[in-house]
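Worksheet for the structure shown next.
Letters A, B, C and D mark the chains in the order given here, with residues in each chain numbered from 1 onward.
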Amino acid sequence: MIVVLKHGTPDDKRDQLIEWIRKQGLDVHMSVGKNQTILGMVGDTRSIDKDLIACLDIVDSVKTVTDPFKLCNRKFHPAPSVINVGDVKIGGGNFVMIAGPCSVESEEQIVQVARSVKASGATMLRGGAFKPRTSPYDFQGLKADGLELLKIARAETGLPIVSEVMGIEELPLFEDIDMIQIGARNMQNFNLLREVGRTRKPVLLKRGLSNTLKELLMSAEYIMSGGNEQVVLCERGIRTFSDYTRNTLDLAAVPMLHKLTHLPVIVDPSHSTGIADLVSPMAVAAAACGADGLIIEVHNDPMHALCDGAQSLKPEDYAEVAKKVFAVRSIMNPEVAE
Amino acid sequence: MIVVLKHGTPDDKRDQLIEWIRKQGLDVHMSVGKNQTILGMVGDTRSIDKDLIACLDIVDSVKTVTDPFKLCNRKFHPAPSVINVGDVKIGGGNFVMIAGPCSVESEEQIVQVARSVKASGATMLRGGAFKPRTSPYDFQGLKADGLELLKIARAETGLPIVSEVMGIEELPLFEDIDMIQIGARNMQNFNLLREVGRTRKPVLLKRGLSNTLKELLMSAEYIMSGGNEQVVLCERGIRTFSDYTRNTLDLAAVPMLHKLTHLPVIVDPSHSTGIADLVSPMAVAAAACGADGLIIEVHNDPMHALCDGAQSLKPEDYAEVAKKVFAVRSIMNPEVAE
Amino acid sequence: MIVVLKHGTPDDKRDQLIEWIRKQGLDVHMSVGKNQTILGMVGDTRSIDKDLIACLDIVDSVKTVTDPFKLCNRKFHPAPSVINVGDVKIGGGNFVMIAGPCSVESEEQIVQVARSVKASGATMLRGGAFKPRTSPYDFQGLKADGLELLKIARAETGLPIVSEVMGIEELPLFEDIDMIQIGARNMQNFNLLREVGRTRKPVLLKRGLSNTLKELLMSAEYIMSGGNEQVVLCERGIRTFSDYTRNTLDLAAVPMLHKLTHLPVIVDPSHSTGIADLVSPMAVAAAACGADGLIIEVHNDPMHALCDGAQSLKPEDYAEVAKKVFAVRSIMNPEVAE
Amino acid sequence: MIVVLKHGTPDDKRDQLIEWIRKQGLDVHMSVGKNQTILGMVGDTRSIDKDLIACLDIVDSVKTVTDPFKLCNRKFHPAPSVINVGDVKIGGGNFVMIAGPCSVESEEQIVQVARSVKASGATMLRGGAFKPRTSPYDFQGLKADGLELLKIARAETGLPIVSEVMGIEELPLFEDIDMIQIGARNMQNFNLLREVGRTRKPVLLKRGLSNTLKELLMSAEYIMSGGNEQVVLCERGIRTFSDYTRNTLDLAAVPMLHKLTHLPVIVDPSHSTGIADLVSPMAVAAAACGADGLIIEVHNDPMHALCDGAQSLKPEDYAEVAKKVFAVRSIMNPEVAE
């Protein structure tokens, strides 16, 4: 951390600050220039409140030089992590194709969708049982029953299953689910993150609608600091002023996250756009820029889907998307694919 | 809900859609123009998925005409609600002054702050016991002990207390806390909202960093639909591209919310700006535009605050702010104050 | 345009509004429901101020159903437009590779870069002569001299040239430039748009940092309504809260614009990210999602570039990017390529 | 400027960079820590491209410590500037009330509005003659004729006049206009800023919809570096995801700008909200947080206004707003008023 003092700061005030910093267990390195004096703190500055120092009378500005995330930081772990979900590998050149309906609705529905997406090349099945809905009056999911139906579909197809958990109290129901999804709205539900960090289950952590990459990594850090290092990140669109699509898919986050962290990064082209026609182009774009996988909504009958029908593909459309994605994957060189 | 059909839609496709809408229990009113045909749905359209219809081949666009929030809607409840927290009234011309430290740190600290803010005119005490922190390595609050210290401060001063709950599992500890705060990051933690709706405690619901007013009202609706109508809304800044202040305080949300809902609206000038110098001007501005109260961070020794020191006022500064706020309040006519 | 009246609107007030609308030359279609009355306006509603009607006492809300853009609207012109710049075709399956330095600095530099990018497959040369800089103290470009150097590079390589114009007063200098660029900051410089619409030169119109797709199309409409229909749109990143990259590249705008307009859409992966390492992944992603071309910054010696060196590729890096882009293009089916 | 080198940077690469920095005319101060080496540049770093250095292989990050704006910087000019427009003073405790119609429409209209706002306490008259409209099909203003009508209204009332200029080519027509407005969309029309800097006329510079405070100050710097130091800044709302109001009024920008610059800061509550009902609360809030003035749209007959009627007040409403604003001003202490 670097503190720039205001021009004309009296020596005694400066020394007082230096003394205070030293009391926090840090060394201080002072550099006196013509127009400004700069204090460099040496040591573990994570416990220092940057904003607090920034608001001192004598301080012009404070700059941090250390990343606040550690366990997920690529600097300390240069090789890409590979996360195992059942037999499926994600990251380090392994591409995952997760597909399934927004909501699990019936055994017939989930088994039928599971079979069709598997035939098109999907390697994991998704399906919502606990649904976060903006309105209390909307369908909230089949809950425990939905999870049971997912397990049936897994038994029928062999596809590992992923589903969203909305609260700590639901976690026991996920004992036999292969991967736990933390949704965008819960990305900073720190209690839930901490609790999931105590499990030993792979976690799919979705980026919040207004969260920076640093915050996403700090949330991964919450999970990892509990001992659970099996985290897969998911870019699913951010909220901006732009109003033609539901959210703005921040695809550059994929290569940027690959620079910052060793964790795999997948993309959700369904929720990010909210428009079925845009799923295919954004899915191939995600594959092209090096994503480690895709999570795509597929419904057997979008017209009757209970939620989010607008962004769901029909199985035959998914087959087309998968073909294009595999074609793009086949020509990407390994360097980009990582 | 109004559906605009594409130019040249075949009659049979149009009739198919009309039939489908009727099956959902709605009437359809058709208006045929030269360039477009418009279908108006009559009835309770809340169960209809707007996005789903929007993605049909024959549909150009869909417009909603009904607010999705009902219990908090001013249209159906024109008089402003007054929420009681102990002896304190909020809304309908009653202005609340909530103040206190970001985190409860010790009995001495919280009692001292409580006494000083009460002397300056504060009518409620705030203090964080469970702290949502971006980093797992940061101070997370004194938890249950912090709540106990708040109660001591209440006993000493008579000020009702408000503190943030972060998860359902913590709720039993809030039995004897006067008002429960739902923080910005939990504004769409729907499980928590629903559970808080089952209590009969006043709730302070903070707007999420990237949430629209409609979403804020839908979250209030979650609480109210559980039977708990004692909700106070809080504008605390939204996330934008602007980077000099921590967030962008959206003060126009105050009069706008007053048009949309009968619930009281207070403002947090501390978290929204993150800069102590800006708390005073934004507090008086909030009072001037009709807010029903303020929640302000005050610390006895900001230099040693364990968190968020940068935005905390010293007690003597709070006294100044309170004086100005009361002066502004005294000249506002009742119409604006509502 | 559809006007939803408030519940309980008196008939005389309603009739007054209907009469007013009719005086504007429109027909009104009234639909009376249990809870609300809806007025549909039939005719050319472009001259009606939606906001004005929305603020009438008796009006609950106003919905528009007609796109405000016409000449660039795909509804009225379903085939994709092909824009010719010299021998180069853009759109309708024709992919353009524009490359060159941020700023023209010297004859040696621009000729050398032009030769190297041509060898890698570039089909047009870019180079800034008039530079929009945030600070008045930064390098502002070689101006008229820069344009002359671009022409020399064109003579040497045969590549058509594109350069940014910053004001009407500079237009005469662009007489012999093949394509005129309107930069992001001038996307709503309406005087400049109108003047460029009077020329018969192809225009590269960049999306503004905070402009919606509708506004981008309205700016294209300004140019086209002057009689110049040769407009190419360019997505170059929007401003959001996200801070790791300079801007947020909104790649979903490419397929979305293809739905809305017949004009070609290219992508600028250099300015949108501001980071050289991200240019390659975002360039291939843009090609994958159907962009009609790319504009990429290439510099012979980034370390000494006078501006924007951080996002410029070295010629050998550009060769790599081009190879990957062509590979992705070769496997895209025509449907997506459009 | 401070450069943080990556852990493990070889000494020769580091020394190469130091040498390069020295060649740019700067001194380098090196601080070697356990985990990182930091280079501090001493001297005028404004010519150094921060992004360029940031993208070097050996560089972890770059931090700037000097404000890029100088002439408008309060650090070098602690007293607030007072700008004179005719007899009207703005800033340093002097509050300006600018009012008038969005567009000048007729002599009768502008004279009538001018008289009524003057009677309510307005001290300057505004009126649009050249109108920036998103659509080429919308009313574009009376242009030169509109300016003539403004002068008639000035002659009738004595109020100095301000009107927006949209391009350099229009400047000669503003010879006899008292204050030139640069609109939000032209805040970074650098050619126009530079040209206006060559005049000796007071300038009202509006913040762009997606511009940071730093960019606003850099645009002021463009004008001032041409020798024209009579700049008044105007906050008029920024573009965010929030959709109930047209823009989000960033009122905290007022006290923040007062910390950063000595230039006066006024607020436009009309355009920022786009809703007449919100003008009054936001106007008093702006006065309460220390703005140096207000610019408010007033129309004699909003129902027939040719543009922006939705946000215009009737004269009698303006009289009410003015009363409240003056009441708030009367109780603000001078410290906040500055």
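As a working rule, contacts are C-beta pairs under 8 Å (C-beta built on N, C-alpha and C of every residue); 3 or more make two chains touch, one makes a residue touch a chain.
Here the structure is a predicted model, which is why all the values come from computation and not from measurement.
Participant: Which chains does chain C share as contact partners with chain D?
Facilitator: Chains that touch both chain C and chain D, as defined above, are A, B.
Participant: Of all chains present, which has the mean Cα position farthest from that of chain C?
Facilitator: B
Participant: Can you give the whole-Å distance between the Cα centres of chain A and chain C?
Facilitator: Chain A and chain C have C-alpha centres separated by 31 Å.
Participant: Take the average of all CA coordinates in chain A, do the same for chain D, and state the distance between these two points in whole angstrom.
Facilitator: Each chain reduced to its C-alpha mean, chain A and chain D end up 38 Å apart.
Participant: Listing for chain B: what residues touch at least two other chains?
Facilitator: In chain B, the residues touching two or more other chains are 210, 239-241, 243, 275, 277.
Participant: Okay, in this complex, where on chain B does chain C touch?
Facilitator: 2, 4, 7, 29, 31, 33-36, 38, 40, 42, 60-61, 63, 65-66, 75, 210, 239-241, 243
Participant: Which positions of chain B touch chain D when the two form their complex?
Facilitator: Within the complex, chain B touches chain D at residues 210, 212-214, 238, 240-245, 248-256, 259-260, 272-273, 275, 277-278, 280-282, 284-290, 324, 327-328, 331-333, 336.
Participant: Going by the contact rule set out above, which residues of chain A touch chain B in the complex?
Facilitator: Residues 20, 46-47, 49, 51-52, 54-56, 68, 132-138, 166-170, 185-186, 188-192, 194, 208-210, 215, 218, 221-222, 225, 239, 246, 274-277, 302-303, 305, 307-311 of chain A touch chain B in their complex.
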